[in-house]
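These are the structures in question, set out in turn.
Paired with chain B in one complex and with chain C in the other, chain A is shared by the two complexes that follow.
So, the complex of A and B:
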């Protein structure tokens, strides 16, 4: 066998071909089965997709590079459960394209952020983090008060639907209207948002002002939805760990 | 000039190793053998992988996979680890389940043990809004003073923690300052008069017979009390002191009157355990008592 390797090393193209074959076998054995094995991504029954407003907020989250400093994955470690709550399940981000698990925590993990703080706090904190957390090194995002561009939301939902996210034709057609209505609890469309996306969806003037739909509305709506799309993670952990 | 010639393998007299057979103008290269230890290490890892295939989840079988004899699951291991963490501190944490705050606060050894843990909980969950030392800020109430909306005894604080204020919890405490200006409940000049009256109340110079006092009685007293001394039951702040949540300048008061205030305290029942909430309640109540329980940091 060493002799074979010895001879292969002398034929550079042969060596390249052999490396490719070895890597392909590794890929076929380690990666390919993840697409066929049922429980790789077990999609929870109660998992809801993001509403159009939350989706717009998710785009802003990506645009501002929040993922560079904040992960969205509670790792399966005892200490992480103690600090953040139930560890993240693959199924929780089944409808995320791309997923935003992240790999670096300059700031805290955000996977269980939804409902933890008030909307007011998020608004103040995003505009000027140090006004509420003096030791914070997070940049300020004062420009989030600009109006939200909802033009592309229908197309975005349609694209995600093609990737397997369960957006109905009705959801796609009403994306712009739903985005606006989710920030206006007193509007006629608010009930439609709840009907389409579920009663657990937060319908509020996220930035405190329902007369204008801003990027702040979208981002806060998204942040408040983190970890609330399904109860699966809580249910998975509950039998073993009830303190 | 001689070209490198091939297949002239000979043995180096100094080391005893063979050469590669190449000859560059008389320079030849040793063909040092691969170290045996590396080959053995490689062989050992292969041998271990065979064992691991049997013991650990390993081989894909179409839609399923081999579970391995040890039946290890990372999620279960983490949950068990968390369980062990909880059990390790159960001897003192479970004492907080009783909710008998007088007895708990009297147990100095217990408090010395629990309050640092509560301080950690406060830093992780509460400090974002109420500040690292509980002194709050504009819009986020100060917890390190004697003024409370719903009450500062541990029982009441624990209940506020559990259900929140204006939160999504079904039993939430509810408190809303209406938007007298935005919703057209009062004209502009009357709002200004009420603001002046509130300022006067705060400085103790209010005239009870003025027209603005009548406006206050008609619009504000049902929550804030006839004398502006607040209504603890409805979370309406005392207006006769110099403590303000949203600011006490004339402009701040005008903004509050025009736009209303609906501050939200999230509900913690689903995020923190009952024992953690009780622990925090004692800690927060201690903040207000200014170090009496030795918990101010």
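So, the complex of A and C:
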């Protein structure tokens, strides 16, 4: 063996080839099976993709680096289930490009945040966290009151559709309109949003003002959607909870 | 710097600079607005600056005749200056974000000074800016000395260094403007990622071409590690960053990976960026500069072989230990955990080999702060790889994951091991490049050493306490079977540790700034024609 290596280390391309082979094996064994994702991950029947407004909110969540302090992955541990809710299933993030599971909880997990607090609470909390949670160390985000840029939403939905997220042509074509309508429950388009994305979609003036579509609308819509895109996690845990 | 290029090399450089300026112009014009337009303008400005820099010396005398009989150290010098510049930026922002966790209001209410945008500036600044530049700079030095041959080309080292720094600048300014892929340690957007691939191919080519003209039959261990660093980082970077841009004229893209698949790819990348950028490359540094400074050969050749192939093979399996108890398939978690524990063997073989090399030179460790930096680095390498294997065990991870223990572990590796070995290498290299025996301020090296050690210890101990406290508070039940603490109580309990961490980080930062100033003074005090006094074995004509 030593003699073999003694000779190998005289050939630079031999070293290059050996390094590539040694390094490829581990990744190949662990990642390749996940390519058969359709077989290894059960995508829940009721899983819906994010609405355009929620997707725009997700962009803001990423832009502000929220994932650096908040996870979206409840582990299958008793205290986490008691604290946050049902543990996260692989299928729940099947349409997430990228996933936002996170790796650090400077703040609490957000996987089950949807419908936990009111829209008003979120709006006040994001603008000035310490006004509602005095001990909080979260930054304030006063600039979220700026108007939401919806220009690119159709192109974004189209890109995601090419990656396999089930956005129909109709959803892509109406992305801008749907984003606006989701924050205007009284508008004509509101019914279309519900028709396209399901009756469970929240259609409200998230920041309390339906006359203007802001980044706050988008972010709150996204936060309220967390954990509500499918009921699968609750149904999986339900039989165990009743035992 | 440019004066030592030959006339034809200056022509090549000028063409490349014009190309970069035009590329920047096209990028800015296509994007019209947003981060990509700003980045186009940055490339344009850099291209124009390079055109003027090269143009200014274009008609100067041709390169000195004896050039081929010398090592080419100008790129190394530039790389060290950039590494220390990024150290000041990256560590400075690190202390800033650490302070924000204690004084959350201590930042102006501007979007680009918000914690979430500054945090990737810290990570990219230190990992790629400081670490990457230090690795590239030292690799050029080590490659030439261990091959006893001059770099195969004079222009491409500059392409690598300038291009890499443009990538770093694009990345951090992008985060400030809110442009991010949100993949940890790979936040830069698609065009910056593609740019880095091009730079990396040039880097690999110059490395192999220089190895091809070596005057030593054997390739030295340090080069195995640098090669693994170049090759595997390329592989990880390409696979993790595969993305579909929304438009070729905009920064926004979506990664092709989704959900659990994305999580596995992300941590396969994330942990192996730790392995191959932040371990393999720095082991290359350690395997060269520690024996050189100690004046002792590496203790065991066999152990070097075992640990090199152990690290190259085992590391790629362990990324899944970041995803214990999550929705990742259980068998992948188990594999990750098993290999993480096995990884301790090659890791300790390396650390032990380094420490055993110091046998017979312990008096130098006592007297020479530079060598002491590298000794402490080897000790922290041993400690943090033990801690890493320990934290990867599933039940331990149930307590430590998501807490500040992970942050403490990372910093015991990055501050205690990577930064220390880099400082050791820099303090060895800078006097040599300046044609002198010692740094301009030898006592400042001693000060830096103690600032760095104290800072690291305060930081790491604070984060251990913080993490274990958090983990225990989250899982404690009271007598009635209810959770004993609210999440907010665990946040409040962190305050003293976050303050200590800020102090530890500030001590470490002040040491790094001292190093930067000392390096500046040493390089400035050097005569204009100062150069390393060692020579390649024999000038070899370009192949």
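Just so it is clear, the second predicted complex is superposed on the first by the 221 of 243 C-alpha atoms of A that agree within 3 Å, B and C clash if a C-alpha of one lies under 4 Å from a C-alpha of the other, contacts with A are read in each partner's own complex, and residues count from 1 in each chain.
Following the convention adopted for this analysis, contacts are C-beta pairs under 8 Å (C-beta built on N, C-alpha and C of every residue); 3 or more make two chains touch, one makes a residue touch a chain.
None of the values given here were measured: they were computed from a predicted structure.
Novice: With the two complexes superposed on chain A, say which partner A:135 touches: chain B (first), chain C (second), both, or neither.
Specialist: A:135: touches chain B and chain C.
Novice: So, does A:197 touch the first partner chain B, the second partner chain C, both, or neither?
Specialist: After superposition on chain A, A:197 lies in contact with neither partner.
Novice: Which partner does A:81 reach: the first (chain B), the second (chain C), both, or neither?
Specialist: First partner only, chain B.
Novice: For A:236, decide between first (touching chain B), second (touching chain C), both and neither.
Specialist: After superposition on chain A, A:236 lies in contact with chain B alone.
Novice: Counting only touches as set out at the top, which of chain B and chain C does A:167 meet: first, second, both, neither?
Specialist: neither
Novice: Thinking of the overlay built on chain A, is A:63 touched by chain B (first), by chain C (second), by both, or by neither?
Specialist: A:63 contacts chain C only, not chain B.
Novice: Tell me which of chain B and chain C touches more residues of chain A.
Specialist: Result: the larger residue contact count on chain A belongs to C.
Novice: Touching A:125 in the superposition: chain B (first), chain C (second), both, neither?
Specialist: Touch partner of A:125: chain B, not chain C.
Novice: Identify the partner contact of A:20: answer first if only chain B is touched, second if only chain C is, both if each is, neither if none is.
Specialist: So A:20 only meets chain C here.
Novice: Could you tell me if A:143 is touching chain B, chain C, both of them or neither one (first, second, both, neither)?
Specialist: It touches chain C, and chain B stays clear.
Novice: Once the complexes are superposed, what residues of chain A are shared between the chain B interface and the chain C interface?
Specialist: Touching chain B in the first complex and chain C in the second, residues 2, 29, 33, 37, 75-77, 79-80, 82-83, 87, 133, 135 of chain A appear in both lists.
Novice: Which residues of chain A touch chain B in the complex?
Specialist: Listed in rising order, the residues are 2, 29, 32-33, 36-38, 75-83, 85, 87, 112, 115-121, 124-125, 131-135, 202, 236-237, 240-241, 243.
Novice: With touch defined as at the start, can you tell me which chain C residues reach chain A in the complex?
Specialist: Of all residues in chain C, those touching chain A are 100-102, 104-105, 107, 109-111, 114-117, 119-120, 175, 178-184, 208, 211-212, 217-219, 224, 227-228, 231-232, 235, 239, 244-247, 250, 252-266, 268, 276, 302, 305, 309, 312-320, 322-329, 332, 335-336, 339, 398, 401-403, 406-407, 470, 474-475, 477, 483, 487-488, 491-492.
Novice: Spell out the part of chain B that touches chain A in their complex, as residue ranges.
Specialist: Against chain A, chain B makes touches at 34, 39, 60, 62-65, 74-86, 93, 124-125, 127-129, 131-132, 137, 139-140, 168, 263-267, 271, 273, 275-276.
Novice: List the residues on chain A that touch chain C in their complex, please.
Specialist: That would be residues 2, 5-6, 9-10, 12-13, 15-16, 19-20, 22-27, 29-31, 33-35, 37, 40-41, 59, 62-69, 71, 73, 75-77, 79-80, 82-83, 87-109, 129-130, 133, 135-143, 152, 155-156, 159-160, 162-165 of chain A.
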